[in-house]
Amino acid sequence: MDIMSNTVRKELIQLRRKFHQCAETGWLEFETSIYIIEFLKSQGLDLKYGKSIHGERIGLPSKLKMDAHKMQLTQMKVDFDTSEILEGYTGAVAILDTQRPGPTVALRFDIDALGLEEAKEGHRPFLEHFASKNKGMMHACGHDGHISMGLMLAKSLASQRDQLSGKIIFIFQPAEEGVRGAKSMVDAGILNNTDYILSGHIGFSKKNQVVCGTGGFLATSKLDISFTGKAAHAGAHPELGKNALLAGANCALNLHTLTQFGGGMSRLNVGILMSGTARNVVPDHAHLELETRGETQEINEDLLERVYRMIEASAHMYDVTYETKLMGSAPSYQFVSNEFTQHIKDIFGELDLEIIEGGSLGGSEDITYMLRTVEKKGGHGLFLLFGTDLVAPHHNPRFDFDETVLEQGYNCYMKIVTDLLEI
Amino acid sequence: MDIMSNTVRKELIQLRRKFHQCAETGWLEFETSIYIIEFLKSQGLDLKYGKSIHGERIGLPSKLKMDAHKMQLTQMKVDFDTSEILEGYTGAVAILDTQRPGPTVALRFDIDALGLEEAKEGHRPFLEHFASKNKGMMHACGHDGHISMGLMLAKSLASQRDQLSGKIIFIFQPAEEGVRGAKSMVDAGILNNTDYILSGHIGFSKKNQVVCGTGGFLATSKLDISFTGKAAHAGAHPELGKNALLAGANCALNLHTLTQFGGGMSRLNVGILMSGTARNVVPDHAHLELETRGETQEINEDLLERVYRMIEASAHMYDVTYETKLMGSAPSYQFVSNEFTQHIKDIFGELDLEIIEGGSLGGSEDITYMLRTVEKKGGHGLFLLFGTDLVAPHHNPRFDFDETVLEQGYNCYMKIVTDLLEI
Amino acid sequence: MDIMSNTVRKELIQLRRKFHQCAETGWLEFETSIYIIEFLKSQGLDLKYGKSIHGERIGLPSKLKMDAHKMQLTQMKVDFDTSEILEGYTGAVAILDTQRPGPTVALRFDIDALGLEEAKEGHRPFLEHFASKNKGMMHACGHDGHISMGLMLAKSLASQRDQLSGKIIFIFQPAEEGVRGAKSMVDAGILNNTDYILSGHIGFSKKNQVVCGTGGFLATSKLDISFTGKAAHAGAHPELGKNALLAGANCALNLHTLTQFGGGMSRLNVGILMSGTARNVVPDHAHLELETRGETQEINEDLLERVYRMIEASAHMYDVTYETKLMGSAPSYQFVSNEFTQHIKDIFGELDLEIIEGGSLGGSEDITYMLRTVEKKGGHGLFLLFGTDLVAPHHNPRFDFDETVLEQGYNCYMKIVTDLLEI
Amino acid sequence: MDIMSNTVRKELIQLRRKFHQCAETGWLEFETSIYIIEFLKSQGLDLKYGKSIHGERIGLPSKLKMDAHKMQLTQMKVDFDTSEILEGYTGAVAILDTQRPGPTVALRFDIDALGLEEAKEGHRPFLEHFASKNKGMMHACGHDGHISMGLMLAKSLASQRDQLSGKIIFIFQPAEEGVRGAKSMVDAGILNNTDYILSGHIGFSKKNQVVCGTGGFLATSKLDISFTGKAAHAGAHPELGKNALLAGANCALNLHTLTQFGGGMSRLNVGILMSGTARNVVPDHAHLELETRGETQEINEDLLERVYRMIEASAHMYDVTYETKLMGSAPSYQFVSNEFTQHIKDIFGELDLEIIEGGSLGGSEDITYMLRTVEKKGGHGLFLLFGTDLVAPHHNPRFDFDETVLEQGYNCYMKIVTDLLEI
């Protein structure tokens, strides 16, 4: 059975390459969002974007970076107001309401790129002229493919709306990297009254495999810390200084002692520590960036509480002040096989794919906010992994994938949605 | 001029050896105090002892140690109440009031021994049968000699009371080691209305030298810290524990970063850290003993304030509680040459000794409480060093001194007192 | 079916109480070993003990402790040489050789007590007069019950030797606490040519349950560390000292940062840190006791390698020397269901017990050396948990158990051995 | 007595302002050096510059910074080869050889500016149009005044060469800030056969005071450290990383415990710590910048040795590699009053200034290399402080001084040189 026309196949690849070129990092998906909205509007879908789809956003880039990225954008002529988007209210939500009674199915696609300089030599996107045009930004995690699937699904399902009941919500989520965007959208209420939430990721499995139901998502929190002390001449009057560097160094060291929990695995990493201005001055400032993870939500919360206590104590130790800022967060999520997942596994039997039940991403993804939100109200969630061959691992400057995975993912989503909503 | 009879010379040595034998550490000078009081009473002096000569005592040994020492005392028959002495209100104050108008001169002698096991082989006190009879206690700092001088001065001056005016106060101070006893006596008011305070120390200079005026005393504080956390099985549930060992270790480490002051030298030493019960249990207790020192009073106080903050912060860091206990303290003291010290230097010219003006102990001594107390009210203080040959350095199990230093010290004190008080 | 006579039932309890009274900690099981040997000899079994059943022993108590314990032993008159036992070559091995062809089955019982002061008030062993007679030693982990089972099994099976084929080895292992004794016995070759190794533990499950097959044993290493520096007067010449306390404190702190492994759980605990002699002396010695654990053998080995590196570096940091001593170790062990364990589960069906397949001790036990040794040569191992009601948790001064568990354990072992060896 | 013509007075100020404008930091004094050479050549002095006046240079800025500074230089037409100067062989040495027998007197002036952005509002150099034209570089330590004095002295003395005997060496030293330039020039031998070395500094005393003889220079060393580990995903495989951040943090913390020396004061400051690239990556690099100081040369050397050991050990602790680079150094120097200094004090009596004998800079200055070099061979050194009113302290963006100090300094030098060399 070929449920895919050649036209769809080609357009999937075209779209993927188009978005690969305009790779934009989290909350800076200006052009990306505008293209997405343009495409979806042209399919006659109801659109929501800008402030209306966001609660409080965390982990925003600095105003400086935002302005700099806005500056270098190509002028685009569109017939809708982009001002909020250009303030970082990125992403979009499209609604296909059949006006017929039936369940509400949400599909979520993440759209942000990574802060990496894309490889050139021997790298297909470069050789075939669809490499990122934005310096230091690259789709090295396959989200360009996710956008492509999402847009084609919207197009196909919109054209079949007469054969469908219920409602479909297409969510194009910004800032998945750093687990920042999902919470903002969930807080804005975009998943109210949703019965099913589906999402997935390219890679993490072999070609022609689909992982039906993914768990093992670690709860995580991303934190920035700053310590502020007082500078002083280190030779003449060291005692007049308040040493923020030692506060930060001691904090980093002690934080790393916190990862032993009986209830499961946990992680802590201070990934950045920047402090001081000159060798002969008592350093008056230290900036740290860290993340915590936990196998369960409880472990991550317990760990985070200890982290906050240690930060406070480290500041007190050297009589400096401190500030913390939550830059990202996602809850844990475990896959549990149930009637719904079993049913999906069964209908996947019609696809020419090897089906694996239950997989693990081995990391964190903020889709877990959405999965938990829907399941908490009695709905169902499912996260798929679309196996493919990779040239280089995720988050690598040479990352690229076999584009046939696009139709595989498209087919899987299509299968589920039509199963749930076909009249 | 021989201002010393042979009898005095002999008795000085006899007394020194008698007290060498009953070496008792700080606040445990039970027998020492009783012998001193007995001797002074027999000279017809007014005596004060027990609670009446003490304020709040710091750095007391445990009740267990106090009881243990009391147990092993030889029964002594004396005609005065020793009960308060046996509770650790040790030391004595004798007053020689001539009833004639004149200045009040206080002489201070420290009486405690050290917690050392005295050497045997080749060690004169052992060979000549006057070694300490108390296990683990030894006069290795010459305080036995100080007592001896003090008692003979009291005896001689009491016998000359008809040729003297004013008042002489003989202070036999306990617990100088660990800088504990002086504050307690000063707080009890024993130096109220005192015009001159004199004290001195055997050693720290060459034979036949006397250092007339000593300074360079460092301010110091002695602190005990305990951290109390919560034990837990380190394998099964490490997160249920509150780790007092890490709180203590981190505290010790960070405390040692605190000793840079523009205004002068400072010191900090965590000398003891004891923590934990078993390798598979999260340690629930840590005990630390430390000292601080400062070239000036201000530096030591500033340092101590930082120490307290760090202790508090270290406890908070690992969510444990803490207690601190001040175990000793002494202010700094600088020698300043003035008319009085110049005059003493002049009259010392009659003694057959090399006179050095201004010396330094290079450490801490709680006589500084007394020097500061008297000088603050316009009086004068003087601390002498009586040079002598030492077999081994102070605080060494083989410490012993050339006993001719006893008459040297006796003569110096005698010279000053008679100069000040002779009719 | 009552496979247990009332006599056996009573004797199990009598033996348990007898050994509860002579609780002796690891490598000090002098009286315990002698009683065991006496009992086994009286059943006509071949005995091995002393040096012949030991390789290199680790984690021995100090000579001082060994001598002290020997001193307070009641004089015992026995007709065999106890001299090696009194040097700490404790434990015993009894062989029941039927002289008929058949498999060799080893049963292992651990015999040591814990370094705990047994509770009194409201504590049955105290109230019923079978509390430990040894100060600071107590059977708080049920090994007294294990001995009792082992001796009664030996007695019963010896009396049935005519109905049995093959060979039975009864292993009474010392020093299980601290995972010290198993390696020594395995190294001595007592398991050469063994087909089955069985062992078990009282508790860790509910009354009337038997856990058939236990895994989740963590690999573990126990390490003592000493740092040796140089003492110096902390006020006068701190720079002449080499600070072993700071080396130890910094070592402890940094070691606790080492427990993050992608491959599974790990643990590290510095349980003891003792350093220093006086607050005004730069500490010249530090003693640390720690343990590591790992979900897999590889993790524990990797962790241990990092630990050794950190110890070396910590010493270098403060220019002190160091020594390490391995005080205990056990490999990890996972339960894997197989034909043999399935068969045992089946025959257990005849016992009036709830059978649970696969359990976890949630800690470490050096039986894993024996399980791995036998399985490596193609034999089979099985570790059982005998459920019972506990008054207080293991390793608690109020630990006591419902003694009916003794017959339950006896029956389980009896069932397996007769199944394997009955003619 | 007015030993100063109005012309000299004006030219001193003009020169100071000219050099204030072309403020250039250490080893980048390209324009500064060229102007100095031009001026000195025009006085008919013998000149040495470029590689000939340098040994091994330490604390060089990066090639990038050097090239960037070269780029922004105004084109200058001069009749000598500037190529070596533009490679950072900055500074100049002028020799005035009278060809008459007599002593050799060296005068040293430091010429570098600081890496500061000069103040504008309310700041005289800005208001009167002589502020620094180089972004982020400013003469905030008065070296512009030192250059001015040096040039005018050269001019005046050259014009009086007929009345002088002996030889005068004018040393214009680069890179005094960070104590980098002196060693390089001394190593090149510019002080061989020198009998007197004179230098001084504006400020550090009140207006109309001159400090005749300055000591209290601390020995110092400036060190850069880099630790290189291995990056790894902190969530998935932390154990594959080698954490350079923790190595650096632990190093910084422990280094700060090293500053207690019986022989005198010492200082240590880790002024900069930069580590890591992203919060979810184990940091693979850390960069630290530190300085040590010591009251004596011995203390600084002892401290530095301990610093090197700790760096090595910190690297080993986390299994990372390290590199260190000496970026600056100067020995200690104490002022000792002697016949020469006494003589200078006497002849200063003729100047209308308050004379203070013996002062302290309270910091480090690499003139000490020169002072020690000359005195070691039996020559004499002297460092003067020229008191003046300051608007803001040294090293402050608002630093400016009362320019009458220029003639004060000029007069002092002139007095000494003519006294020593007048026929």
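To keep things simple, chains are lettered A, B, C and D as they appear, and every chain counts its residues starting from 1.
Everything that follows uses one rule, which is that a residue touches a chain if its C-beta (ideal position, glycine included) is under 8 Å from a C-beta of that chain, and two chains touch if they have at least 3 such contacts.
Everything numeric in this text was worked out from a predicted model, so none of it was measured.
Enquirer: Please identify each chain that touches subunit B as well as subunit D.
Expert: A, C
Enquirer: Farthest chain from subunit B, going by mean C-alpha coordinates, please.
Expert: Computed centres place A farthest from subunit B.
Enquirer: Tell me which has more C-beta contacts between its two chains, A-D or C-D.
Expert: Result: the pair with more contacts is A-D.
Enquirer: State, to the nearest whole Å, the distance from the C-alpha centre of subunit A to the C-alpha centre of subunit D.
Expert: About 53 Å separates the centre of subunit A from that of subunit D.
Enquirer: Between subunit A and subunit C, what is the gap in Å from one C-alpha centre to the other?
Expert: Distance between chain centres: 50 Å.
Enquirer: Hey, how far is the Cα centre of subunit C from the one of subunit D, in Å?
Expert: 69
Enquirer: Can you pull out the residues of subunit C that are in contact with at least two other chains?
Expert: Correct list: 236, 238, 246, 250, 253-254, 256-257, 260, 267.
Enquirer: Where on subunit A is subunit C touching in the complex?
Expert: 253-254, 256-257, 259-260, 265, 267-268
Enquirer: Flag every residue of subunit B that touches subunit A in the complex, lowest number first.
Expert: Listed in rising order, the residues of subunit B that touch subunit A are 236-240, 246, 250, 254, 257, 260-263, 302, 306, 309-310, 312-314, 316-317, 319.
Enquirer: Please give the residue numbers of subunit C that touch subunit B in the complex, ascending.
Expert: Against subunit B, the touching part of subunit C is residues 115, 218, 220, 222, 233-236, 238, 245-246, 248-250, 252-253, 256, 267, 269-283, 286, 289-291, 293, 327, 362-364.
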